[in-house]
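In the two complexes below, subunit A is the common chain; its partner is subunit B in one and subunit C in the other.
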Partner chain A sequence: MRDSTYKVAAGPEGYLPPAAAVMGVELPDPGQAIMEGECVDQDTAMKAIASKLVSAENPVFFPGPLILWDWKPGVAEKAAALKDLAEAVGAKMIPMPDYRPKYPMINPAIEVNPNHPNLTIVHNKIDVCLFIGVHCHYANIALKIIRGGTDCYTIAVCAEAGHEEAMISLRDAGICELQRLRELVIELKGGMSR
Partner chain B sequence: MIEQKIVDPDYLFFEAQRTSQYITGSEAVREAIKRANVDMAIAYPITPQSESMHLVGDIYAEGYVKEYLRGENEFAVMSSVAGASMAGVRVFTATGGPGTMRAFEVFPTWAGARLPVVCAFMTRGINSPLTIQPDTIEMAYLLETGILMLHAENAQDLHDMLLMAFMVAEKTDVHIPVGVFADGFFVTHTRDRVDTLPEDLKLPGYDPYTAPVPVMDMENVPVRQMRDPFVMKSNFMSYACHASWQQEIDAAAERSRKYLRQYLGSLIDVENEDSDILVITSGTAVSQSREAIITAREQGLDAGLVKIKTIRPFPGEEIRALASKAKKIIVPEFNRVGWLAKEIRNVIDEPRKVVGAPRVFGGMTMPPELILDEIRRIR
Partner chain C sequence: MKTGMLKISPGFEDIMPEEYRELVDNGPYGKNYGIGDLGSFKELLEEHPLCAGCGLALSLRLTLASLPMPEETVIVGSTGCSALAFPQVALHNIHSLFGNQNAVATGVKRALKLRFPDKEKDVVVIAGDGATADIGLDMVMQSWLRRENITTIMLDNEAYANTGGQESGMSMPGTVLNMAPTGKKFPKLSLPEIAHTSGCDYVAAVSPAKPKQLAKAVRRAILVARKIGPTYVQIFSPCPTNYKLNPKETVSVIRQREKDGLYQTKEFISEEAQAFLNTVEEKK
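Take a look at the complex of A and B:
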């Protein structure tokens, strides 16, 4: 049943949280973003993302195949902008190179998998994570599992329509948004990048 | 073949000059697919659908569809359609009745694999003794497959919904199959006025690289050898992943609401919404109900009509709001089980208001007088 009061907040929410969309959380229109289940203007969301990243004890970026591979014009430049952002934040990168579950288990120190992302979150004590370049279906599954089983704060920088399963999500995000995030991070850190 | 120009879907649907044609529902399918920029259509005959895919074959011969073939049976067709869609092309097929049942295993697979297949279902009876006649019972079975379900009242709806279905199905945040349902024979084999679109215009093509899952493309990275690897192992995380995957399909259906409202205007149409008695139905039962309500109102009976256009997602909030004001709700249906009455009872506060009648099946027609009798009986 739809519930307009439903909040997409850091967990652990429980055994099997509902999909946020089914609870009435709607994706933002172009020019907007989504923050803990509410549509906000993109600038507000960007500032909140920068703040979360800067204040995190162990922020980690999870780049997916859409940004790990130079598969179409502009992707390499976007990847470089992401690397610059990570360096400004002081965030580690743990790639999500593939969506196939690995058994008996992945090596959580060096990779993350959408089918069991908790392993990587818990193993590395990640308190804030940022998804980028992950196909939307897999990102939503992983974000919901993280919300259900951990207290990690989730951010999605999406090139498509955004993610209501993330605590903060941008939509239609490209190089400009990554560069703007970097500026905000540097500003919050007092003008110095690490 | 007429040279076609790609135009914005909103222009095509709402602004382009239309021409009125007196055609059958099957011919309306042909006219829609001609402008839908379909890459591949796969056919297998079954009454009352056969003519529609036959006509799609005709426009393939003229060059409007890039590829067209016949499958070995309905299961093969729906599986082939899945493969084509995974490979990143816009694909169309149609079936109905026993054909739907024969292919059934594939439908939830389409949804689970996030395939934006568009399929027309020309509904008919499915049970023994054999009938080829109109009946909407197959829709009851498809309700929980994850497929979006649009129900056409007439050939115009069928034409428009098919074109719009491609646009909704292919949205990145939706990207699940859409079934457009038309009551067999009543819509497929009768002629009606249909406002068709200019022949020299067509929809933009499908871009599989905006899909929420990787396209199966072995020549470009990020390459995938298979679309949906098994997540099934005997541990909690595998179960949690599978559950979350299913929830994501439900979420995708929820996200379709705003696009369906954009293209269809609304999920329901309402006439005389403040009436004491509301007749709520879908498909050709809407036309029969409209006739009954005209007569009822002439006789001083306070009855209104609600036409449900989308069965999945179900317009629960809209129906609930309308039902709260009505004293009684009549749900006429062309099937034995009354699946639509059950759906309505599930979403309203006072299910006892719902009268699941009149109900006809096995090919029987539904004269407006039957609905009128029901309005008189419960007023």
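Take a look at the complex of A and C:
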């Protein structure tokens, strides 16, 4: 049953927070997005993402294997669009090249792993992070851990159905959405600098 | 693994950790390297968390360097010391429930055959003696009896080594360990013979004291499993921690055991497998 009071907000919510889906948060329909547990139209969510990224002190992108590895036609173009967006934001990128837990070797300064994303966030003092190209099940695990153990604001730019564990999540996002986000960021930065 | 998976998206090379760049530039994928090339390429297993002098780590290193097609290999592991190393291994690997490894490998192999009917995909089980000879013996033997095209490799350290040191079916009689203070009352299980009579087309018992022999056995086992039927390789990998050996003496302990007649290298090959290996090895 949907608990209308449950908000997917920046934590720390504590060890083992409930899964957002269990608390009644549903994935958005096509053309919509999800913002702190509520379905909104995609444009509203994109503006909120741009605003969060621009106002962040240390925004960091976490590109996953689906975008880091040039494994099928179209990936290189999407990767280039992501790089343009990161440059427009002024965001650092910390990769998630695969999902090996790599105990005890994880170096939080240079990589992120879905099994302990909180280490990377705390180590690098990240206040806003953006997930992209991470397989859905791993993204949801990592987003939930971040919500449980840090105060980082999470954004997921998903090419599939979206992520209820993220504070803002787009769905069906491709190159066009990345380019639109870049335009919004540039617009917002211009506005702020005036 | 798709070949493209080994290519970093343009512009992202600088943010990829060095380990991945090295694997792309100098890894063993698609190169047909063997143990003779060790030292000249980026290995699939580095900086593992296993104990100093661990025979299993040495065996695993040699096994991974002997895979004929690492880029097309899926490893299925199980609970045990080797499971601690697998998160560091740069290969597709699946950790299954304790003892379930050959059942999981069966499913993986069958699915890969359906999904990629025109491609060779090697499914290799690498597990310890507890998972293979004790807890998982049912799954292991049933996969042999069903003649699944998978290779089973046992890293035999003769103990449950990361749970305090209990005896396993592979411990020698009389073995005293921290959690087996009265000494083992039963003989070591003759799994190579059981594998042979259960229908494995290729069976070998080897050790890292003879790396070339180990490499040859692993390759033969994988090639036979691809075309003929189930195969089994047992690798003697002494545990310095539980057997209280000097870590630098792991290999000499194997040699001494062999000299004392307490460990034997073995090889059983079915006629069909021998004919196949003759054609493959003649081509070289």
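Note that the second predicted complex is superposed on the first by the 187 of 194 C-alpha atoms of A that agree within 3 Å, B and C clash if a C-alpha of one lies under 4 Å from a C-alpha of the other, contacts with A are read in each partner's own complex, and residues count from 1 in each chain.
By definition in this document, a residue touches a chain if its C-beta (ideal position, glycine included) is under 8 Å from a C-beta of that chain, and two chains touch if they have at least 3 such contacts.
Just so it is clear, the structure is predicted and the values come from calculations on it, not from any experiment.
Q: Check the residue A:Ala79 against both partner chains and state whether it touches subunit B (first), subunit C (second), both, or neither.
A: second
Q: Is it subunit B or subunit C that touches the larger share of residues in subunit A?
A: After superposition, B is the partner touching more of subunit A.
Q: Would you sort A:Met93 into first (subunit B), second (subunit C), both or neither based on which partner it touches?
A: Touch status of A:Met93: second partner only.
Q: Of the two partner chains, subunit B (first) and subunit C (second), which one does A:Ile110 touch, if any: first, second, both, or neither?
A: second
Q: Going by the contact rule set out at the top, does A:Pro18 touch subunit B (first), subunit C (second), both, or neither?
A: In the superposition, A:Pro18 touches subunit B alone.
Q: A:His123 in the overlay: touching subunit B, subunit C, both, or neither? Say first, second, both or neither.
A: Neither partner.
Q: Which partner does A:Lys189 contact after superposing on A: first (subunit B), second (subunit C), both, neither?
A: So A:Lys189 meets neither subunit B nor subunit C here.
Q: Look at A:Trp69 in the shared chain and tell me whether it touches subunit B only, subunit C only, both, or neither; answer first, second, both or neither.
A: both
Q: So, A:Pro101: does it touch subunit B (first), subunit C (second), both, or neither?
A: The answer is both, since A:Pro101 touches subunit B and subunit C.
Q: Of the partners subunit B and subunit C, which touch A:Lys47 in the superposed model: first, second, both, neither?
A: After superposition on chain A, A:Lys47 lies in contact with neither partner.
Q: Which residues would you name on subunit A as touching subunit B in one complex and subunit C in the other?
A: Looking at subunit A, the two contact sets intersect at 68-72, 100-101, 103.
Q: Taking the complex as given, what residues does subunit B use to touch subunit A?
A: Touch residues, subunit B against subunit A: 114, 171-173, 175, 209-214, 220-222, 229-231, 233, 237-238, 240-241, 243-245, 247-248, 250-252, 254-255, 258, 317.
Q: Under the stated contact criterion, what part of subunit A meets subunit C in this complex?
A: So the residues of subunit A in touch with subunit C come to 63, 67-72, 75-76, 79-80, 83, 93-95, 97, 100-105, 107, 110-111.
Q: Going by the contact rule at the top, pick out the subunit C residues touching subunit A in the complex.
A: It is residues 2, 4-12, 15-17, 20, 47, 49, 84, 87-90 of subunit C that touch subunit A.
Q: In the complex, go through subunit A and note every residue touching subunit B.
A: My answer: residues 2, 16, 18-22, 26-27, 65-66, 68-72, 99-101, 103, 114-116, 118-119, 135-138, 140-141, 144-145, 148-149, 160-162, 164-165.
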